[in-house]
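Labels for the chains are A, B, C and D, by order of writing; each one numbers its residues from 1.
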Amino acid sequence: MGILDVKNVNKNFGGLKALSNVNLSVRENTVHAIIGPNGAGKSTLLNCLVGKLIPDTGSVMFDGKSVLGRSPYEINQMGISRVFQTPEIFGDLTVMENMMIPIFARRDGAFRMHAYESVANESGIIERAEQVLEDMNMADKRHMHAAAMSRGDKRRLEIGMCLSQEPRLLLLDEPTAGMARADTNNTIDLLKQIKEERDITIAIIEHDMHVVFSLADRITVLAQGTPLVEDDPQNIKGNPKVREAYLGESA
Amino acid sequence: MDALLLQILNGLDKGSAYALIALGLTLIFGTLGVVNFAHGALFMIGAFCAVTVQRFLNLSFETIDETQKDFLGNPLKVKTPYVESWFGPDLGAGIIDWSVPLAILFAIPIMVLVGFVMERGLIKHFYKREHADQILVTFGLAIVLQEVVKYFFGANPIQTPEPNMLRGSVDLGMMVGFQANAIIYPIWRLVYFFFAIGIIGGVFAFLQFTTFGMVVRAGMADRETVGLLGINIDRRFTIMFGVASAVAGLAGVMYGPLNPPNYHMGMDFLVLSFVVVVVGGMGSLPGAVLAGFLLGILESFASTTWATTTIPGINQIIIYLVAIIILLTRPRGLMGRKGVMED
Amino acid sequence: MSKNDVTRRGVLKTGAIAGAGVALPTIFTASSAAAYMNEPTGGSVTLGFNVPQTGPYADEGADELRAYELAVEHLNGGGDGGMLGTFSSKALKGNGILGKKVEFVTGDTQTKSDAARASAKSMIEKDGAIMITGGSSSGVAIAVQGLCQEAGVIFMAGLTHSNDTTGKDKKANGFRHFFNAYMSGAALAPVLAARYGNDRKAYHLTADYTWGWTQEESIKAATEALGWETVNAVKTPLAATDFSSYIAPVLNSGADVLILNHYGGNMVNSLTNAVQFGLREKMVNGKQFEIVVPLYSRLMAKGAGENVKGILGSTNWHWSLQDEGSKAFVKSFGTKYGFPPSQAAHTVYCQTLLYADACERAGTFNPCGVGQALEGFEFDGLGNGPTLYRADDHQCFKDVLVVRGKENPTSEFDLLEVVEVTPAAQVTYPPDHPMFAGGELGTCNPGA
Amino acid sequence: MLGLNKKDATLLIVVAALTLCAPFILNPFPTGSAMAQFNAGYPDLMQRFIIFGIFAIGFNILFGLTGYLSFGHAAFLGVGSYSAVWIFKLFTYNVIPAITLSVVVAAIFSLFIGFVSLRRSGIYFSILTLAFAQMSFALAYSVLSNPKFNLTNGETGLQVYADDPQWFHRDSLPDLPHLFGLSMRSTYSLELGAWRFDFNAGYYLCAVILMIVFYLAIRIFRSPFGMMLRAVKSNQQRMNYTGLNTRPYTLAAFVISGMYAGLAGGLMAAMDPLAGAERMQWTASGEVVLMTILGGTGTLIGPVLGAGFIKYFENIFSKINDTVLHNWFAFLPDGIEDFVVFIVHPFIGKGWHLTLGLLFMLVVIFLPGGLVEGGQRIGRLLKGKKKAPDSEDPEHHPKETPHVAE
């Protein structure tokens, strides 16, 4: 039993089988990578985990509770935070505000009518946000508008926002897609550091094998909507089926 | 039965106007991704093209008729249009009589030009701005256009009558075996309906069968990809804006004889045509046409005595009620595609 | 002064705020020394012309404004004097009012009650207008009349045709020269019966708001009294621009007359649509189908173009009248502006003269004095024959014109022809007539 | 002060000072002078400045913070006015219950309309609110004013008649809206030489209420709730995936702004006890959009400035006519004078709509931050002359295009 258990999940779009019979189990405190060629159903699977899509059949259990039919914010409140392929941050807000919002969400829940209190008086939240910014090495950018930052910084901020919620499971959707090599390496370092310093489970969808093999404890290979294999990184590298389905093309 | 047919017929001509305006709106929205609140104003400008042509044809010189007196008791100045003196009274009067259809020739280049100027001069700079900004700037433009027209033509409606030949009505009921007067229908409304069908057919054919249209349709589906193919999509979109503007303008030209144009007719139609577009589904051309006719017919039914006695005031709110219901039950409208203006 | 039952409110109106100890000295801004609101202290007196300058009635508003400027010119002794020369009362000397030069301010009603009240208030509060006049719709007239009553200035209504203005919404400070829906009915019905017979079936299309309803009620009552039958009366939305779905069922209903209780843009479009549907060429019940537009205005007739030809209706005044007053007015207006005045222009010109004259006769600008001078005032020479400003409801009683769209107009202004001048006696009704019941004139309010 | 930081407290004090001294500030020209035309310090217009300021502040809480563009807010204002006049008709002319009820009724109304409309976003939301508002207008203008069931008195507007019950009215009280006996119309005029200044009871009631609601608006802007609303505007997707439910946040903002609109409507009726249906029309909703944008969306003071600007235009600018123009340009040679008047003519007086439309377009195109941004730019320009331009300007950043409709 892992912290996240996906059982017999099927999802069709019209006639197209996007996912068929997906079984997957992410164990606590591991980094689990899901890889596969384009159109393998990685994003569909991810969307089923976070409440954006509902599978036709099957079950998705997080920590023993079903996530199916819950909306994204409820699933987040259960302890799953998600990092997007292109960084989703609050562009019009400052970095500091970006960091405070997830902390508010964790403290006050999905909605609270705190319209008369002042943000300036929320010392607990401010301290916590400053500490996370410190951890992310972004303290000097706290007053910047988030939209004005570089892509790498936006990614860093987004990860920081997710971490500030102390999630039980962190979902990363191609976190280095479209990044320059240097930014990619920075991100890898950041994620490695997170993995070492915290008790956290990470599920990562990735294209870049360099990233995958630097981070993953466990890898699931998806092809045409079905998991091909699930194994340790070393074994995946040598698996002929994987080579054929995936690595073969890009190698 | 005949009452039913009658209201369907009545809905058709109103629906034609809605459909034409909504078609143009959707073209602009689908190709350029711009929400154009000035589209009603284009309709209005079209109608005033007809007014202008009529004024132009009626340009006159004055002769003094001593036998008649004007309101101050002075000899009456009689006006004779130049056209009548050039082409003779009969042909001249005939030309004036046909001023509305003639105005089509005048309106097409004018409206295309207006469309180009609008797109190049203003809308172009708003592709990257928020929809709210687009709405606001075109809303401002609509006010300006309407006030300019009012400045030149006044606030009262101006008659632009149909040609004599097409005046009056036909008894459609008798043709299909009802008794006399059961279904009478004005000729010009029939003309308008078929004209609208023609234009709609033309636009669809244009998009369907020309390479230009294919590119535009591809652009509507995925702008970036087409841009990547190295096709100058921007220029085509400008042309598309001209086409949409001409469609709205022609709808306006031909509408004049139905109801005399006034400066605020654009605003009157604007809200309704937006409702039509939304009900049809943002970005769906067939949806816009379908919803236009559908809402026109529904509106007609809601104005029957039967409907208004059953639910008082239903004729005033039916359109909005339908819009609300559709939007809540079919969020993408009748034929909307996924992912258009959504989050 | 009105001798109606003095209500609680009536008592308060005169005593107004003075009686309320807590209140500051004045209501509005009359300084406490003044005997009444905006008492003119210098060598001039300011009138407030509140007309639609934007919105669909802007053209009528513009014509009203022209007439106001003309009236001011004449009052101050300029121009040819216009109807000052033909007016039966000779109190006006052409030296302003009570020796004070007449000045004016203008406001834009936008044909919205809110905006009209705002601009009237601004003219009273800011510009010190002693009298407010103008307007082109009944809703606005009633709203502004109410405001003038509260503020303590005289309101001389412009174009307002609803029975309510001098019916349930009448006010002691408000006066109407224009005729009303009841009078239209009373004047039209006999003409209709004479021309179209007593055995007709009428179908009403009515603009769905206050004025439309009172007009429908009036015409219905008048025609039914002559033997007509009302087949149906359908309300049309005010915002409607196309009336085809209302017109189409008319022929099927068995009706042989269509009565359009519409005004302005509504009238232009409904009439255009009705003609389009070929109604006028039809024979129903063995009779020629007819259309009637009870309230005509020349500016609107122009909008309807060819379609008005031969269609009967009523109007307050028309420039082709040949009495001395009308001729004088048309001459001075036409000379100044190059085209003949509309009925709106005529009525506001008369109202301005009547107000000025009342001031002269009363010897004061005090609204109560002016009101008293106007109440029961009988005059002639202003174009509508002998006229009475009735004390009970402040409505003018005078001849009403029945007109018809002209078949062969000689100019763009020559659209209507007068077919009958209905004498005042025939359109007079008792003050307690049920269509006008429900309101209280109250007592005049001088504002201070 | 009052839980505000120094900057906000200064702003509040400035606004308070301006509103309290408005009778002086708005009447800068002597009464008899030629420039007196530009005086705006008479009670009716001053009241309007404040009332529409309140309306726009409320609208800005929805539009400025969450980015939801409502084209139907005038409906709440109208509903507020109708409720207030009904209180006058049935119970008392005292304005306190009337204004209270107008806020409550507007809240209920906006809760319902907001609940339905907020199921959709972007232009769909705009059209839904527009549809609701137009329905309300049609109902108020004719359907609900029929003789059998006259709730709104249609075209004329709802007003108090002599035969209305007014159960709690006593003869010693003014026969106009009042505050415990102090008539809203009572005005004290101060004559100072050639100048005249009007101090109107109704205006000061409005002013006090404005200060209260402006203070509340500041609190909302600076609160975590306000931050959440800005986050909704910025990125709803991120909101959802951060564990926040956007629906109640937007609904709360919608209801709050509806209550502001209702308050404005109630005050309007309290100043002038007549509620006309036109104030519910969609063009009236458009007007508050114009005010907010013109002043500066999402800023605290912007909407108030925008409201003042437009109302000044409507009431003062629209009264300039050709005669006045000829007076102004009389110093020019005749031919040139006529030409100048001819050029200017279409834009002034009854052409004020045209000028307003042009101005509005210019603001949207060149000054998306409205008058407030204009002021800042000018301020920066002036500062820039003294010292080198600040490269680290926290207020101004290139804005990323949002990829979803707000």
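As a convention for this text, a residue touches a chain if its C-beta (ideal position, glycine included) is under 8 Å from a C-beta of that chain, and two chains touch if they have at least 3 such contacts.
Per UniProt, the chains are A = ABC transporter ATP-binding protein; B, D = Branched-chain amino acid ABC transporter permease; C = ABC transporter substrate-binding protein.
Please read these numbers as outputs of a predicted model, since none were measured by experiment.
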Discussion item. If I average the CA coordinates per chain, which chain comes out farthest from subunit D?
Written reply: A
Worksheet item: Based on Cα centres, what is the most central chain?
Response: D
Worksheet entry | Distance from subunit C to subunit A - Cα centre to Cα centre, in angstrom | 74
Discussion item. From the mean C-alpha coordinate of subunit B to that of subunit C, what's the distance rounded to whole Å?
Written reply: 36
Worksheet item: Cα centroid separation between subunit A and subunit D, in whole Å?
Response: 45
Worksheet, complete the sentence: When centres are defined as mean Cα positions, the distance from subunit C to subunit D in whole Å is 34
Discussion item. Can you list every residue of subunit C that touches 2 or more other chains, as numbers and ranges?
Written reply: 58, 208, 235, 237, 239
Worksheet item: Which residue numbers or ranges of subunit A touch two or more of the other chains?
Response: none
Worksheet item: Of all the residues in subunit B, which ones touch at least 2 other chains?
Response: 316
Fill in: Chain pairs in mutual contact under the definition given at the outset
A-D, B-C, B-D, C-D
Practice prompt. Enumerate the contact residues on subunit D facing subunit A in the complex.
Written response: 3-5, 219-220, 222-228, 230-231, 233-235, 237-246, 248-249, 252, 256, 394, 397-400, 402
Discussion item. For a test of understanding, state which residues of subunit C touch subunit D in their complex under the given definition.
Written reply: 7-13, 16-17, 19-29, 31, 53-54, 58, 105-108, 112-115, 117-119, 121-122, 125-126, 137-139, 142-143, 146-147, 150, 164, 169, 208-211, 213, 235, 237-239, 438-440, 442
Discussion item. Looking at the complex, which residues from subunit A come into contact with subunit D?
Written reply: 50, 71-74, 76-77, 81-82, 84, 88-94, 97, 100-102, 104-106, 108-122, 143-145, 147-148, 161, 165
Worksheet entry | Footprint of subunit C on subunit D - complex, ascending | 39, 42-45, 48, 138, 141-143, 145, 147, 153-157, 159, 161-163, 171-176, 178, 180-183, 185-189, 191, 198, 201, 272, 274, 276, 278-279, 314-315, 318-319, 321, 349-350, 352-353
Worksheet item: Along subunit B, where are the residues that touch subunit C in the complex?
Response: 2-3, 6-7, 9-11, 13-14, 68, 70-72, 76, 150, 154-159, 161, 167-169, 181-182, 184-186, 188-189, 257-260, 262, 264-265, 268-269, 299-300, 303-305, 308, 315-316
